[in-house]
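Okay, so chain A shows up in both of these, paired with chain B first and chain C after.
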Partner chain A sequence: MDFSIASILLLDGITNGAIYALLGLATVLVFTVTRVIFIPQGEFVAYGALTLAMLQSGKTPGTVWLLLILAFVAACIELIACWRHHHNVSRAVRSAFKILVFPLFISLTTIWVAPQMFPLWLQAIISVAIVTAFGPLIYRVAYQSLEDATPLVLLIVSVGVHFAMTGFGLLFFGAEGFRNPSFWDDRFAIGSVTLSGQAIIILISTLALIVMLWLYFERSLSGKALRATAVNRTGARLMGITSHTSGQLVFLMAALIGALSGLLIGPTTTMFYDSGFLIGLKGFVAAVIAGLASYPGALLGALVVGIIEAFGAFWASAFKEVIVFTLILPILLIRSLRSGHADEGH
Partner chain B sequence: MNKQKIFISLLAISIPAIALLPLPDFWIVQLNYIGLYALVCLGLVLLTGVGGLTSFGQAAFVGIGAYTTAWLTLNTGISPWITLFIGLGLTAISALVIGTITLRMSGHYLPLATIAWGLSLYYLMGNLDELGKYDGLLGLKSLSLGSVNIGQGRMFFVLTWTILIVAAIALLNLLDSRAGRAIRSLKAGSLMAEAMGINTFRYKVTIFLIAALFASVAGWLMAHFQRTVNPSAFGLKMGIEYLFMAVIGGVGYVWGAFVGAGLIKLLDDYLQVALPALIGTSGSYEVIVFGIAMVLVLKYLPNGIWSLVANKLPSPPRKIDWHDAKPLSTRTKPALGELVLKVEKIRKQFGGLTAVNDISFDIHAGQIVGLIGPNGAGKSTTFNLITGVMPKTTGQVFYRGQDISAAPSRVIARQGMARTFQHVKMLNDMTVLENVALGAYTRGHCGVISSMLRTNKNEEQRFMKEAQQQLERIGMGQYLHELAGNLAMGPQRLMEIARALCCDPALLLLDEPAAGLRHKEKQELIKILRQLKNEGMSILLVEHDMDLVMNVCDHLVVMEFGTLLTQGTPSEIQASPAVRAAYLGMEH
Partner chain C sequence: MKNKKTLLALAFTALTSTNALADIKIGVSLSLTGPGSGLGIPMQKQLQLFPKTIAGEKITLIVLDDATDPGKGSSNARRFVKEDKVDVIYGSSITAVAAAMTEITSEAGTTQVAGSPVGLPPGKDKWLFRLAQSNSVMAHALVEHMKKQGVKSVGFLGYTDAYGQQWLDAISPELDKAGIKLVGIERFARTDTSVTPQAIKLTSANPNAILVVASGSGAAMPQLGLVERGYKGKVYQTHAAATPDLSRLGGKSVEGTFVVSGPALLGDQLPDNHPSKKLALDFVQKFENEFGANSRNQFAGHAYDFQVAMEKAIPLALKKAKPGTAEFRSAIRDSLETMGRTVFAHGVMNWTPTDHWGYTIETGVMTKVVDGKFKVE
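So, the complex of A and B:
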């Protein structure tokens, strides 16, 4: 291996690492606020990329139908729960309607937009909007009534959600793979390394998203409320921050991050309905490196995962997954030696 | 007869019956698979249902067992009866590595590590030329004993289900033993278990290991039954399905593994045909149903299907067969007045805050010492420092002349210092007798293997006799067979004292034993404390109830803001202006 190959691999690793970083951040975000280990994070990636692919071919993406079904189920659950709690029909109908509004709006828009073949950026925005709408609905349907369950039960629920979402992915997108067009086709030569426009977009978007997340958590009231929930749920609840709202909000952000990652990664690889899982899990390994707690840690971990994957693919391409996922064992060993048994209280 | 025994005998009778019945071969094959899956699920019952840990990687352990025997029998011609043990060895090594690395950390790291592990092993099996890549290895031989082929059809059915039932009996035996009670206590958090002298980390690794070994045996059987192995049967999806089988059947029950394995296997077969027909294209759509069902089960039937059956069949009380058991050996007790506990300048700092500031006091044999002080005085922290729950910043503690300053709580318990908890920590689904027997853990030796083989019967009887005696000692003889979860607060606290007494302590540490008790119950508690003192027990009491403290204590240690305010007899303390000021404020 010479310098130019090494720098190509490094660049490749950093580009993929940037995506894993976003997913790792989302995982940490969801875990700290809700204690849910959100295995299906990667499914949002696949849904995002495939939704855009369907729009590209002028078809109504299957996610629309899934979104409508899910919204309807969530609204029914909300209606019943609210009626049981308050015994007030108009209030129950109102809160159920609130859940339905956005999914209904975005679905109808998409059905209208699909055959019009709008420019790529507009289709991208619509894809993100559809997938983002899934976040709060999934929280409402699968997790909200289990808020007080142990992290272990929530983890098993996550695996169930992952199963269901993968299956629905197959149902609505089919087994065929898609590769999205690049957002920026130019290439730039820097010395011996060629930098693709898509890689630049990936790096810049990741940085921008991280800065935006930082601003949100540091400067906005709802961001601070989420941080409060992460530190102490009961305390936050006593301050009027309901765990329902913060849970739905954080799932909304996770879905948004997932969808954006899907758009970013879509042009660099062929996406299948189940491709998201492995991508998400690599973000996950990054989050575990950070102990599921630190955002800069997850970012750093993701870059490490991306780079190791790139070099692993070069030296032993068949075993790159083996290398990446076995990596978790020495990481956990180090964490375990450092923390002793102090991690008990989670 | 015990209901578990009834099920076992029913199953044992039905195995030869089923093998002889003219059932279609298809159903025998189905039963073979159900048996193999149930064996894996049995491991999950122990790991997840009883121990509160979870693994998504059981399929990977099945894979190790299967690939080991496949490769070895094909390439070296070693007999499968030997490769079984080589496979078990390899499984044990990988389980020990993963377990040792992850189980010191909080509960969710094990499932995460097993997910990663399951994935790497899948890709490893699928990419190694030596293992036939994704096509796997073909042409394995069926199992045979001498010249008799027992690897197919009805013979294999008998073999698998015999192994399965032996495993189930071993598991039931294990759960009702010293080691089993220790494993069951893992779910209640490590604090209580460690205070009973149990090495929780070792037991966590042990149950993970047992679950992995069960899976490995299933893999060995599966390889020789299918006569081919390929990675798809050992991937993460299958690992998740095993857990799902256990959860839907009832992960807390041995029989839940059977129900779950049977139900999911049949449902899986049905859906794999029905759903693609319904939808019109092929594909594994059954995951949608499984995923949704998983969420629904956890929501509405968290204890699984078998819990419906188990609730209908209450357990008969344990048969009392320990009248003639020899009593457990006891330790030599200190002579009256001898120094039992010496606390010397212990200090605890949390950052800039000094929660406990150089506290010193002594306890002599036969004394009841009360540790009192207003809220936030640092009593509980002091208690935790003495019992080894928290490390001290500086200072020393001597118990009967031995330095125990750096000892963890399980070592302290073994020395003969037993404690109770401010918030009662017990196992709701065990009887009072079994909960109390947990306290005698340090006085026995029988481990996991002798429990599984039931060679521990003698020791168990001695445990039960001791537990019964301690319960009768504090007047709870009528509650032996009651479930601990059904007790009111008063009896719960007394049960904790009986459990501590079961450890044969020379010093008893009681953390707010009167909290939440009614007047009558407090009277009862005072009577018991006096009685224990008369029997020569030394007691350290952290308590808020002044009546009780003044009534029973010989010596009082008063703390305020982490420092020692004063110490002396109850009447001296009552007369002390400093104590009055601490509790009531200064007069102006």
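So, the complex of A and C:
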């Protein structure tokens, strides 16, 4: 191996690592606020990329129907739960309606937009909006009533949600793969390395998202409320921050990050309905490296995962995944030796 | 009076049911729903065109859906052998489901003709015949083409799964025989986000040709990775990649790729001396007459070949035994083994007692991607 091969591999690893970093950040975000280990994070990636692919071919993406079904289910659950709690019909109807409004609006817009063949960037925004709408709904349907359950129960629910989302993905997108058009086709040669426009977009978007997340948590009230919930749920509740709202908000952000990652990665590879799982799992490994707690740690972990994956694929491509996922064992060992105490139940 | 009527009715049903017993019954289990439905549905369409009689005997097809579920497949097979007492079984379209059915069919002594490449250890497939081409038949055609093109060294870029491994096992001895060197073996998965590292390693060995072993819409990504790394040599793809998805996803980058394929869909392009030309044309014409232009499908071709096999084997079996009996069931098996060289739409078949795969090396056809279409070389 010479320097030029190493630098190409390094670049490849960092580009993929940037995507894992986004997913790792989302995993840490969801875990700290809700204690949910969100395995289906990767599904948002596949949904985002495939929704855009469907819009590109002028068809109404299947995610729209799934979104409508999910929204109605969530609204029904909300209606019943609210009525049982307050015994006030108009209040229950209002809160159910609140859940329904955004998904209904985005679905109808998409059905109207789909055959019009708008430019790529507009379709990209619509795809992100559709997939983002899934976040709070999934939280409402699958997790909200189990908010106080142990992390183990929440993990098992996550496994269920993952299988459901993959199954629906197959139903609505089919078994064929899709590749999205590149947002930026140019290539730049820097020495022996050629940098593609898409790789630059990936790196810049990741950096921008991380900065925006940092600003959000440092400067905005709702960001601070989320941080408060992450530090101490009961304390945050006493200060008037409801865990329902913070849960839905954090799932909204996770879905948004997932959908954006899908758009970023869609032009570089063929996406299938089940592609998201492995990508999300590598983000999860990155989050584990960070102890499911630290954002800079997750970013660093993701870059390590990406680079090890690239070099692993070069030296022993048949064992690439084995190398990446075996990485988690020494890390868990070191972490458990260093922390020394078990923190059951967060 | 009333009694008399009942008696008459009874006698009538008895007569008709013995008549029905004399019919030849074929049990069909296909994946009409679930992830395998893309293969099962075209086969079912082709079976709608199955002849009503063969050699003067009425044919009854019993079609069941196995939902791409091995458990459902074996319960279908059990129903066929226990309740319907069928003479022969066709199915399934999916390897895993067909494999689950073999236990029941071999125990009951009923011939099973599978539309998928079911791998069973030798000796276990006494009652199982396959209509899908084995990889070694395709590998042979591919290596022959490489020889003609003057290829001296080959790189292998294949799935990490069973399909990749089977191809590696099939092509390695063929390459050895032809004196072509295998200079690199790299693996990837269908859902991988990048093949850049594998592509660097393969292209740095600078082989004359690279064989990509992938299926369906997974076949374009690795080739794009090779082109992106500036690979200028020849690229070969396997028969699982011979779908329109290759150029849909690969665009200009897959132009000039050599793809090995069965002859069934290429009837109009085959040279006149190709043995399968007539049947391939006949299959496509009848299928498209019924289901619309460009509806041709390779999986429907296997169902067509099942019909060809039955039209040859049933008359032979009828000479030995009556339909509905155990003797007739084993006579069908014997006829399939001994009927000799049979031309199918998908190639030339020659099942023998020791080989239930059976396609001869005349089967594989080399095509080249030109303007997004497969052109016979």
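In this text, the second predicted complex is superposed on the first by the 342 of 346 C-alpha atoms of A that agree within 3 Å, B and C clash if a C-alpha of one lies under 4 Å from a C-alpha of the other, contacts with A are read in each partner's own complex, and residues count from 1 in each chain.
Here, a residue touches a chain if its C-beta (ideal position, glycine included) is under 8 Å from a C-beta of that chain, and two chains touch if they have at least 3 such contacts.
These figures come from a predicted structure and were not determined experimentally.
In the three-chain model built by superposing on chain A, chain B clashes with chain C. Legend: residue contacts after superposition of the two complexes on their common chain; A:159 is shown touching chain B, with no touch to chain C. When both complexes are overlaid on chain A, the residue A:223 reaches neither chain B nor chain C. In the superposition on chain A, no contact is made by A:197 with either chain B or chain C. Once the two complexes are overlaid on the shared chain, A:9 sits against chain C while remaining clear of chain B. Residue contacts after overlaying the shared chain place A:19 against chain C, while chain B stays out of touching range. Touching more residues of chain A than its counterpart among chain B and chain C is B. In the superposition on chain A, A:151 makes contact with chain B only, while chain C stays out of contact range.
Of the two partner chains, both chain B and chain C are touched by A:321. In the superposed model, A:170 makes contact with both chain B and chain C.
In the three-chain superposition, chain C clashes with chain B only at 276-284, the remaining stretches of 276-284, 420-428 or 564-572 being clear.
Overlap of the chain B and chain C interfaces on chain A: residues 170, 175, 278, 318, 321. Looking at the complex, you find that chain B touches chain A at residues 52, 54, 56, 97-98, 101-102, 104-109, 111-113, 115-117, 119-120, 123-124, 127, 189-190, 201, 240, 243-244, 247, 279, 281, 283-295, 298-299, 302. Those residues of chain A lying in contact with chain C across their complex are 5, 8-9, 12, 15-16, 19, 170, 175-179, 265, 268-270, 272, 274-275, 277-279, 310-314, 317-318, 320-321.
Listing the residues of chain C that touch chain A in their complex gives 35, 38, 160, 186-198, 200-201, 204, 216-218, 220-221, 245, 249. Residues of chain A touching chain B in their complex: 37, 39, 142, 145-146, 149-153, 155-157, 159-168, 170-171, 174-175, 278, 281, 284-285, 288, 318-319, 321-322, 325-326, 328-329, 332-333, 335-336, 339-341, 343-346.
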